[in-house]
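Take a look at these structures.
In the two complexes below, subunit A is the common chain; its partner is subunit B in one and subunit C in the other.
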Partner chain A sequence: MEKLTAFVVCGTGMGSSMILKVMTDRVITKNDYPIYLESGVVSEARSSNADFLIAGSDLVPTLEDAGKPIVGIKNMVDKEEIKEKLDAVLADFDRTG
Partner chain B sequence: MPFQLNEFLTQDRIRCKAPAQDWRDVVQKTGTLMREAGLIETEYIQAMVELIEDSGPYLVIAPGVALLHARPEDGVKKAGMALLTLSDPVEFGHSSNDPVWIAFGLAATTDTSHVEAMAELATWLSQPGAIEALKQSESPEEISEMIQEHY
Partner chain C sequence: MGGTCDCIGPGKEVMIYELFLGNPSQIRMEGFVLIDWTFLLFSYVGGKMDFLMVIVTQILGNAAFLVGLLALVGLLVQGKGFREVFTGTVKTIVGFLIFGIGAGAGVEALGNFQSLFTTGFNLEGVLPLAEGITALALTELGTVTALIMVFGFFMNLLFARITPFKYIFLTGQHNLFFAALLAIVMNARGLSIPVSVVLGSIILGFFAAFYPWIARKYMNKVTGSDEIGIGHYVTIGYALSGWIGGLVGDPEQDTEDLKLPGWLGIFRDYVASISITMLVVYYIAAFAAGQGAVSEVAGDTNWLVFPLIQSLTFAGAVYVIITGVRMFLGEIVPAFLGISEKVIPDAIPALDCPAVFPYAPTAVIVGFISAYIGGLLTMGVMLLLGTTVIIPVAIPYFFIGATAGVFGNATGGWKGAVAGAFLVGILIAVGPALIYPIMGQVGLSGTTFPETDFVAVGLPLYYLLGLFY
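And then the complex of A and B:
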């Protein structure tokens, strides 16, 4: 199955996105989801070719003009929340396998 | 060399149950700990405030937990972290994770030295009860022991 590319967004790319990327990566590996992760700052997210974006929920409003689906995560260390939201986006892309 | 969490967040940079008036005060106090530990220049503290003013409170990464930081070029001298827990919680204006009880202050350099420490921090905080235990901790020794137990 062709993988989707997700872009993990942070204001600076240093702190919270690092946590979110680590946690998302663990959920993807554990569940064998067809998702490849990239990460960077808001401006890079807008110009990236990623299929969808992943960000802390409070960063979502600043990304709505990026023209891509956005997964907003409230609790970045909650694997259950991340899994549920990735399940939903995979269903939207019809990649549930 | 990647840092492990117990080297990245040493006991001398942890303070428990500090009073704070508002989120700016939390940033100031966490920043002061970082400056006294030689991690940052004073200007970095203002840069942390400005990042929240400009980008919003997305730095509140989990219920009750803020990961405060600015950019490497804003005055980082040495990669590392500080930790301030609060006697009373403070609102950062986050839509779901307020109020904040625990503030980590991150000084990251442009290399990837902090990546391993961030991965360990994620592992620690994602364990059931970890955030509550941090909130309840009475002393830096206690928190330092919690870190040692994990890593």
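And then the complex of A and C:
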């Protein structure tokens, strides 16, 4: 199954979302999701070829003009929330099961 | 094959060559020649440069290689493959070096601003920015800083294990800044490197576990749980903001019910933020200093164009700095996380301030504005009093003011956000003024640390050490 690419967006540019990336990576590994993770800042997210973006939910308005689906996470260490939202995105891309 | 001598010498070399080349007598000749030249080379190098000392002082004594070593160990411990270990280690070292490049690029623009400001206002103008002062400090105190940061992490684990303060501080750059502050204070008192590293790492490790603990009650009000701590060294400010919010406001009147223009979010972007601040302050300084003074510094550049170029150059330098920081933290922080989870499974991660922004995005904007007004008013007072002038820089004011706003909002709605952030805005203007003279002792000027937690440790430490040194 072809993997989707997700881009984890950092708000400061110095890795404040690194924890989000690590947690998301764990959820992906544990559930064996077909997702490949990249990360970077807002401007890089806009110009990337990723299929969808992952960011803290407060960044969502800034990213809306990127033209890609955005997964907004409120609590970056809450794996349940991450899994739930990834499930929803995977369903949208028709990659479940 | 020949004898079984294990020593390095002509006999052994010939045996190895035999495996690959064949003719023993010819090889013996070539072997001898090779050995002779190798020994000659080493004695030349050794005699000229004391080879071992070079390794110790210039490789291990270089901060970039030290953090690279930490990343290497962390990656190996995590069981990563050769390719990941290699790229990870190289990225860490290069990231640190990029950080240094940014520092060099920013120094001149900052210095020119300072001289124009002094000419114009007859006062010293300071732009507190932790990234800036740390980058400057690293040129002289790089090794001590890196060692304090590295050992400080292990001290954090120790204190989290043996005290009730179960927090692991995962905001890498703030630990780097704290390490730099400690290195600066101890260097100002003339402590030796080994003593600085030992004392510095103990202090860093302790406060890394302790500071998040003091804000835990309010952090719980913000996030609704005890799962994460705030890992941002303005905890004193945030706890105060939470406390004030409870006094003046009503949590039901949430900031999230307010509608605010979204364009203020532009200040979240480092480059945009610093560009705007620097453009404004540079032009103010230029006009205050007058055309003559500016032209002197500007050389062939037109005096009105000079501030434009200099301020944007500084913004570029800050971008290089944060890119370097991001690169080397990218390997180190996951390593910290991995190690800490193995050693202290019930540890609570203390995270960078954007972790709380999703809980109250409007409070972020309210807090920034309120804090910045506090900073501007304080600057006005300083101008009137004729003291060193602390100029509020948009970057720390955004992130710190925003977080203070979120904390104030959690206990006191929008009134709490406004009041709490305003107070913090004043604290992060007064605090750096108090520690600025210490920076001067070590030859650093133009910038300093705004964060309350650094001032609260650095200032008493400086005076305490003054009793002994």
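Here is the rule we go by: the second predicted complex is superposed on the first by the 95 of 97 C-alpha atoms of A that agree within 3 Å, B and C clash if a C-alpha of one lies under 4 Å from a C-alpha of the other, contacts with A are read in each partner's own complex, and residues count from 1 in each chain.
Heads up, the rule we're going with is that a residue touches a chain if its C-beta (ideal position, glycine included) is under 8 Å from a C-beta of that chain, and two chains touch if they have at least 3 such contacts.
Keep in mind it's a predicted model, so treat the numbers as computed, not measured.
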Subunit C versus subunit B on the shared subunit A, clash or fit after superposition: clash
Which of subunit B and subunit C A:G56 touches, first, second, both or neither: both
Which of subunit B and subunit C A:K79 touches, first, second, both or neither: first
Of the stretches 163-171, 253-261, 271-279 or 307-315 belonging to subunit C, the one that collides with subunit B: 163-171
Footprint overlap on subunit A, where subunit B in one structure and subunit C in the other make contact: 10-12, 14-16, 18-19, 22, 42, 56-58, 62, 74-78
Parts of subunit B lying in touch with subunit A, wherever the complex brings them together: 51, 54-63, 65, 67, 69-72, 94-97, 106, 108, 114-115, 118-119, 121-122, 125-126
Subunit A partner contacts - residues on subunit C that touch it in the complex: 170-173, 223, 225, 227-228, 262, 265, 268-270, 322-323, 325-326, 329-330, 333-334, 337, 349, 351-355, 357-359, 361, 364, 399
Touching residues (chain side subunit A, partner subunit C) in the complex: 10-19, 22, 42, 56-58, 61-62, 72-78
Subunit A - residues contacting subunit B, complex: 10-12, 14-16, 18-20, 22-23, 42, 55-59, 62, 74-79
